[in-house]
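You will see subunit A twice below: alongside subunit B first, and alongside subunit C after that.
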Partner chain A sequence: MEATYIRRKNDGRINIRSGNKVDQVVRWTLILLTILTIVAFIFFNYAGLDLGSAITETANNLKVMFLEPALSHFNWGEATYQVGVTLGLAFLATIIGAIIAFFLSLMAATNLSNVWVSRIVRVFVAIIRAVPTVLWVLIFAIAAGLGSEAAILGMLFHSIAYLVKAFSEAFEEVDKGIFEALQATGANWWHIVKSGVLPSTFTYLLSWVFLRFEINFGVAVAMGAAAGAGGIGFDLFMASSFYFDLREVGFITYAILIIAFILEGFSTRLKSRYFPATSD
Partner chain B sequence: MNEKTMRKSRWQTVIFLLIIIVLTYLSSAITQFNFIDGMATIPEAVGWIFSNLMITQESLGKLPKILEKLNETILMSIAATTLAAVVSLFLGLFGSKTTKINNFLSVFARFIASVSRNIPVVAWSLILLLSFGQNSVTGFLALFVGTVGFLTRAFIESIDEASQSAVEALKATGATYFQIVSKAVIPQCLPQMISWILFMIETNIRNATLVGILTATGIGYTFDVYYKTLNYNAVALVTFCIVIAVLIVDFISNYIRRVIL
Partner chain C sequence: MSLLKVEGLGKSYTSDIKILKNINFEIKAGEFVSIIGPSGAGKSTMLRCMNRMVEFNEGKIIFNNNDVGSLNKKELRKLRTSIGMVFQHYNLVPRLTVIENVLHGRFGYKTTMQGILGRYTEEEKERAFYLLEKLGIHEHAYKRCDQLSGGQQQRVGICRALIQEPKLVLCDEPIASLDPSSSKIIMDHLKSISTEMGITCLVNLHQVEVAQNYSDRIIGLNKGEIVFSGTSSELSEEQINKIYGTETKDLIMA
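Moving on, here comes the complex of A and B:
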């Protein structure tokens, strides 16, 4: 604590907002965000925008989409299959990502590996995270060709980055006593991981993997639309940008929404079971 | 732990692994993903990236144009997040158990948050593109809608968590609803909320690239144009700029978070 003296305003009243660093940073962050928002609105490119008609049109479109969903370019079976493809892409990216992330996070956890390895893995992960998923997919699409390989590889990168962060934090919270007890029995590093770290964090890791699966479903839809990775996302893109078929867009949106609700329901239950204290 | 429970848990593990393997097999069958082929392309792809994705003198000439677009994209993400945060603040107050006005508004707020969060940003941008056309407002609105959903949930959780006792204390002094919110709830949750807002800005800059590709605005469109004209040196430059921008934003928000939390 700094030396305490009573700060007064010019008229002699005691200043009750003593302005510590936290308050200042909070205030400046809010001011800066407000200014940047105003600047953004001034610099927006408003080419060809008629706000009034656009809003009524969107309202109308939403009404058609949500109240009269229908299929015209493919049937129910095909729709189910495409949803399956999207789920499959998300699942593969999650499961392969989880396996790779497990080993990387063993290297990234400060209590399981040395400082330099941990730092290198962390920097590597930060750089991977900085490139948007869609760019990874498109870059891989050049080398591997458009299709599920490029999509899964691209999605894999972000899954790994996300899970390494979550996993290594979980590993770092493992009780030190477990390590000591195992070391005392003469266990080597791998034994400690296998019978100390893994059993005590397994359910935790599993919930993170499921949370990532939920995210990856959304990402897989996006990759289908933006990077031609197939699945329901691609149908959504075709329906809205090529056929301009709002009823079909509505149907696909409902399909995505239902799956997302189911996944969210699962993960909320997992969360309340395994993360009672944290909000993330 | 006796022998019986150990055997039971071993069986559970085996069944669990089997389910995972079956699901993996089904997924690779339905997506026609070949694991070996997929893994084999990684070295190939990395080799290709290092030989073709190089920033050259020529592509550096395009830097001012790229930076201008990048600027537009970052501003768009910040504007979308900030405005969404304002809306979410109200929705969060209505939706939270401690500060709700009535049950109807609470359910309504949660419903809006859930729908706007679970419809992916891609769907929003494609829907909005139909009537708003190719300009920044489309991208802005798409990001805005998704962010409202996410931030409302985060705000509801942080309000629920933080302010129970302070709210009770203020109620006991006879404070009005508005006084409770402005003197107890907001000051207590503000650092947490700012942390979420910063997280969302980062996410939105990355999402803005995706939205940009779909709605033909900002840095995403620039990337798409170079990508489709096979100008890979420019593609590398665009990617590099995005990485730097995201890392800088990441750095700033980590600093702010360290100070306020």
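Moving on, here comes the complex of A and C:
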């Protein structure tokens, strides 16, 4: 008599999936997305589209942009300064966001906080996260006017929400035994945070902050264009929509690309130098 | 005069099952007492009631003339400073150094600010090194704890408990994750803590022979009740059967 706890497929092979709801949901989501994509393409308005010339002209534009980059409306010094402004925006939003997020995530982590406080912070943060950064910037622009203040506030808001989720999940991974041992010595909550939680999670927190900085740099470029926050993004916006200067667009894109590479290299080096343990 | 007195202790996590039932015992200062019993008997739970890491529902625990059950949060912190704890999985902070982990044992004496700034006095640091030397791991003082072997980590755990200047050390299966030779080192250290320093040890053990070799007294626990309490020599085969609910020949003897 076959044991009933072994599940088999119709053809008699043993099933190793639990066959639970999650699998089902994932499968149906994938099917639905495929259908939606196909339907969307069918309903596009293709009138006036000459695919052949569209492709060659796009290729031509890209060639001008990326093979003949040049500055015409401002000079190197100005460009560097504007990149600095954008970096500054991203930096401010990330650092202030990280500090606030740290304290909020202590309240959100279920192993450090009371059930209700944790739930409230989580819901709150989830709502903030559900609204895209750009929208937050525009919302703050109502009060602060379009400009760097609104941009920083909006980016800050979203960064906090994003980092609270990441941080609190890192905190929840901390070994329960550490809490038990420190509590048993008579340590209070702050002692446990400082000596148990922080050392165990610091490298994760740092990686998340860097990741968010990279995101914020990208957002800051976009905000320069969309919300008049200044910086290289604004120049990009002017070059592309105002002067139609493809060569300048190409130059600015390269500048942004280089900064992104530098950031990446910097964060990798910082981590491998100060936290060799994370590379294992 | 007893250091620890437990009267009618009862504990249940859920309303339907009582994990501990009417536990009574007394321990004198400097005694080495082992608790043995099958898995799930409630050994860990009982040990954690002593410093209220687990809240008990019934009975009374008197430690050093304090009614443990009635203490408020602040008094409980103070009580915990005088009760050290050693764990099966050591429970050190792996990314910190040995010496930092040992000094964590001083938190009970610190204000929030002192703790956050990591302010330890020179005496505390001297004491930490003294203890590390006593347990033979002073060379590793500046290594990260995750670079140490299990036996070495457990010795760090013991140092952390001892720097609290405890009157009682609770050990929850301190040698269950160690090989026989490291186990012997750890048990010898625990024994010398009670004989040389006069610190009471209450140790959960899985190995009956180890308990017999080291303890002044053995408490046998089965399904939340004390079924044996006496010296090693009084622990007959029949008693062991009663504690584990099996024939001795069916047990793997360590």
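By our rule, the second predicted complex is superposed on the first by the 230 of 280 C-alpha atoms of A that agree within 3 Å, B and C clash if a C-alpha of one lies under 4 Å from a C-alpha of the other, contacts with A are read in each partner's own complex, and residues count from 1 in each chain.
Following the convention adopted for this analysis, a residue touches a chain if its C-beta (ideal position, glycine included) is under 8 Å from a C-beta of that chain, and two chains touch if they have at least 3 such contacts.
Just so you know, these numbers come straight off a predicted model, no measurement behind them.
Engineer: Could you look at A:191 and tell me whether it touches subunit B, subunit C, both or neither (first, second, both, neither)?
Structural biologist: In the superposition, A:191 contacts subunit C only.
Engineer: Name the contact category of A:240: first (subunit B only), second (subunit C only), both, or neither.
Structural biologist: first
Engineer: Return first, second, both or neither, reflecting whether A:261 touches subunit B, subunit C, both chains, or no partner chain.
Structural biologist: Touch status of A:261: first partner only.
Engineer: Quick check for you: in the superposed arrangement, does A:67 touch first (subunit B), second (subunit C), both or neither?
Structural biologist: After superposing on A, A:67 lies clear of both subunit B and subunit C.
Engineer: Comparing subunit C with subunit B, which touches more residues belonging to subunit A?
Structural biologist: Comparing touch counts on subunit A for subunit B and subunit C gives B.
Engineer: Return first, second, both or neither, reflecting whether A:133 touches subunit B, subunit C, both chains, or no partner chain.
Structural biologist: Touch partner of A:133: subunit B, not subunit C.
Engineer: Tell me the contact category for A:200 with respect to subunit B and subunit C: first, second, both or neither.
Structural biologist: Second partner only, subunit C.
Engineer: Considering only the touch criterion stated at the top, classify A:115 as touching first (subunit B), second (subunit C), both, or neither.
Structural biologist: neither
Engineer: Check the residue A:89 against both partner chains and state whether it touches subunit B (first), subunit C (second), both, or neither.
Structural biologist: Touch status of A:89: first partner only.
Engineer: Tell me which partner A:182 touches in the superposition: subunit B (first), subunit C (second), both or neither.
Structural biologist: It touches subunit C, and subunit B stays clear.
Engineer: Quick one: in the complex, what on subunit B touches subunit A?
Structural biologist: Within the complex, subunit B touches subunit A at residues 20, 23-24, 26-28, 30-34, 37-38, 41-42, 44-45, 48-49, 52-53, 72, 75-76, 78-79, 81-83, 114-115, 118-123, 126-137, 140, 154, 157-158, 161, 190-191, 194, 197-198, 206-207, 209-210, 213-214, 217, 220, 223, 227, 232, 235, 239, 242-243, 246-247, 250, 256, 259-260.
Engineer: Looking at the complex, which residues from subunit C come into contact with subunit A?
Structural biologist: 51, 53, 77-81, 83-85, 87, 89-96, 100, 104-110, 112, 115-116, 118, 144, 157, 160, 164, 170
Engineer: Which bits of subunit A are touching subunit B when the two form their complex?
Structural biologist: Against subunit B, subunit A makes touches at 21-22, 25-26, 29-30, 33-34, 36-37, 39-41, 43-49, 51, 53-54, 57-58, 61-62, 65, 81, 84-85, 87-89, 91-92, 95, 126-127, 129-135, 138-140, 142-144, 147-149, 152-153, 218, 221-222, 225-226, 230-231, 233, 236-237, 240-241, 244, 246, 249, 252-253, 256-257, 260-261, 264, 279.
Engineer: Tell me, which parts of subunit A touch subunit C in their complex?
Structural biologist: Residue list for subunit A touching subunit C: 175, 177-178, 180-188, 190-191, 194-196, 199-200, 202, 277.
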